[in-house]
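One chain, subunit A, links the two complexes that follow: it is found with subunit B in the first and with subunit C in the second.
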Partner chain A sequence: MRSSTLLSEILAVLAKELTAELRSRVALNAIGLFGLTTLIAVAYQIGPYQIREADRPHLLSALLWIILFFAATSGLSRVFVKEEDAHTAKTLRLAARPLAILGGKYLFNLILLVGLYALIVPLYCALMGYAVRGVVGLLLVLVAGAVALAATTTIVAAIIARASGSTTLFAILSVPLVLPLLVMLIQGTRAAAASSELAAVLPALQGIGSLGGAVMIVSVYLFPVVWHD
Partner chain B sequence: MTENRTRALLHWLLGGWVLLVILAAFFYAPSASGFKGESARIVFFHVPQAWVAVLAFCVNLVASIRYLRKRNALDDARAAAAARLGLIFSVLATVTGSIFAHVMWNSFWNWDPREVSIVILLLIYAAYFALREAIPDEERRASLSAAYAVLAFVTMPFLVFVVPRIYWSLHPDTIIGATGKLKLQMESRMLQVLFGSLAGFTGLFFWLYTLDVRLARVRLARRGREEA
Partner chain C sequence: MPGISVEFQRVGKRFGDRTVLAAVSGTLRAGRVLVVAGPNGAGKSTLLNILAGVLRPSRGEVEYRCSDGAVPRADWFEHLGMASPDMAVYEELSAIENLRFFARLRGLHLPDATLSELLEELGLPSREHSRFVGTYSSGMKQRVKLAQALLHSPDVLLLDEPSSNLDAAGHAAVAALVARLRGHAAVAVATNDPREMAWADARIDLTL
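After this line comes the complex of A and B, so read on.
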């Protein structure tokens, strides 16, 4: 009974987030346009022929995640900052329990990230001539990456919203936490591009999954402190 | 009075121990083969500095959890003191590591996974203080920075154990290898100096940490009197 109530609260928070975002489209525009602009700049200046064959596996996977991560940071912090800006945080505190708010906001950030990946990754592969042998492996890395990245950025967004709401602070706080994850994501993407075997991406997936899971569990305990203090 | 005497005695003992370690690092430990000149002696200072940077991170975590449970302002001061020292020792570990890398490989920075690990630790400490400075309200500052410290600690095992295993490293394998067996490939006199230095640096950390916490205790007591 209680878990179904929690689920319905999470879905209600998610629905509220989606409605508010579709009305203003601030995060969607920021993430989408930042991603596209960076992709165009990289593709125009580097393109498929500027990188030597031997360097392609390293550089192309790293460039892809630099574009994806920095595009994501431009919009993911808004999920909590907008509540403080619009003075709606107090109402939200009364309307739903902390876990439901964290869950709803996490799912919203996850949807934003999946949308960003769906837009940027195919375009990147086409514009940069990035041939991926293990498409299923890459999809798994992208999904695991979105799940773990959304977990870290959502709790950091909650912290900075209660601190000063500055997006600069969001980057300062999230970059050191996300770096190990980015290293594993780049390694996993490189492995997926080189081999169609799922075993090739397994070490990276284990690392990404365990880091994402650990951050999620800690977030569940920390969020009530961050949200109510 | 007795407490002051014990404290003074401990300070002298610590000073003597650290002096002994410095002398032993240069005159007692033999030269290591396979390294340029006497460059390997930096290990007696570099490894303990990195160890103290990680130890400070653990002390910061414990104090942060205590703050979140008991809401005692002194625990926040303990967490901040540990982080301050952790920041200093991670800078020292990075600098000494870079000096050694330059002597050995003619390059100050090689993007070795362990080099990256200590820099990320440094960034976490810097971010922790950036967060503290961004919050004027003391209670909120304490609780949010404690939450960030706990969150940052979760990434630590991945930096120390997972990432260095994905990438090839210039650093020797850790003392306990991937198989779980103890690996100590050092000459016994070098090991004695290394462990002596680890003990000395740990003592140095706790001395500086205690000084900082005592100072914070005095500040809190004075403010309590002013508010009363």
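After this line comes the complex of A and C, so read on.
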């Protein structure tokens, strides 16, 4: 009988995703292109000087997450659709436990998100003149945001892949899950920019952690049904 | 858990108003080959998908049975290998990488030499094993699909048009494979090919 652990199966799915993505670069190109294009357009039109000092904390934190979220959406939504399009979904369905698929795809999306953040956030701070006082706080918000956003986008991507893979549907389904998360991420980012005290970002971190944790737990129960039915 | 049989009772499938499979009953016995024949659109692939558990029947029941009793539906895939025209392997990976991936998913730690032997048995020469599957002909892809279905020596093997896209040598390789499996695995073959119908120990003829 089966001698592998769930973890080793998750890592097998992750390794396959990374190998296939590094060779095709479909999601990498979509995310990188969208992120950089949006960032440069925003920096060109607004830049560090077009916003009044009083409005900067609110607008700059909101603009950052708009760029990050929509860049992420352009690539992460395809994580299951590509399996259906390539007719590999059924092969995968007959070879692996659903949780191994979910875990591997989640980790892949998480790695893509972390890569996106590593590319966009420093550039954004430099191009927009975004001075962050609480760098550690901002890093914590980014990590929590990546963990929660990856969970949300992965389960929504699984649902839309079974509904003929519409990226429009992805956007619509994401709204009720992502909107409160984005609001908390923007609040946390604004708090990190204004204060070097970790206590300033704590309320946002608690909210992001709660929502992300809830989505993960629901996903564990929901995904096998979505994947098989 | 040797000797799994698959029993299906009055299994049918409707998509909206259209009935694609009327009530069909039968048993897929360990060590025997069941051929499912019928014209295009009669529901051969639908029946195999229902037996595999990737499609829920609109009516009727399917049960995997072993000496210990019924096998839970969630565990069917552990005992099952399947190859069909609507399945594919990863085009960005080589044949060996594909088999290595599916073996790891099934908890198998097979050396590359074993995977190469399986591919060669199905007629894919070793010089092709490290090429990306995306560069293969349809017949070569079919061989890799068959290999992934056989990796774990399944108790139940479902083959939907197994010789499609294969040349005479490929057909002979599949025939040899079915002959090897006869005696321990329960094999179902959906086909219209008279050569494949000759493998039958039992047969179900579906009609439109």
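As a convention for this text, the second predicted complex is superposed on the first by the 225 of 229 C-alpha atoms of A that agree within 3 Å, B and C clash if a C-alpha of one lies under 4 Å from a C-alpha of the other, contacts with A are read in each partner's own complex, and residues count from 1 in each chain.
By our rule, a contact is a pair of C-beta atoms (placed from the backbone, for glycine too) under 8 Å apart; a residue touches a chain by one contact, two chains touch by 3 or more.
Just so it is clear, the model here is predicted, and its values are computed rather than measured.
When both complexes are overlaid on chain A, the residue A:29 reaches neither subunit B nor subunit C. Legend: residue contacts after superposition of the two complexes on their common chain; A:93 is shown touching subunit C, with no touch to subunit B.
Of the two partner chains placed around the shared chain by superposition, subunit C is the only one that A:8 touches, whereas subunit B remains out of contact.
Of the two partner chains, subunit B and subunit C are each touched by A:229. When the shared chain is aligned, no partner comes close enough to touch A:50: not subunit B, not subunit C.
In the superposition on chain A, A:16 makes contact with subunit C only, while subunit B stays out of contact range.
Shared contact residues of subunit A with subunit B and subunit C: 229. On subunit B, the positions that touch subunit A within their shared complex are 68, 116, 120, 123-124, 126-127, 130-131, 134-135, 139-140, 143-144, 146-148, 150-152, 154-155, 158-159, 162-163, 166-167.
Within the complex formed with subunit C, the subunit A residues making contact are 1-4, 8-9, 12-13, 15-16, 19-20, 23-24, 86-88, 90-96, 100, 224, 228-229.
Within the complex formed with subunit A, the subunit C residues making contact are 1, 52-54, 56, 74, 77-78, 80-82, 84, 86-93, 97, 101-102, 104-109, 132, 145, 148. Against subunit B, in their complex, subunit A makes its touches with residues 155-156, 159-160, 162-164, 166, 169, 172-173, 175-177, 179-181, 183-184, 187, 203-204, 207, 210-211, 214-215, 218-219, 222, 225-226, 229.
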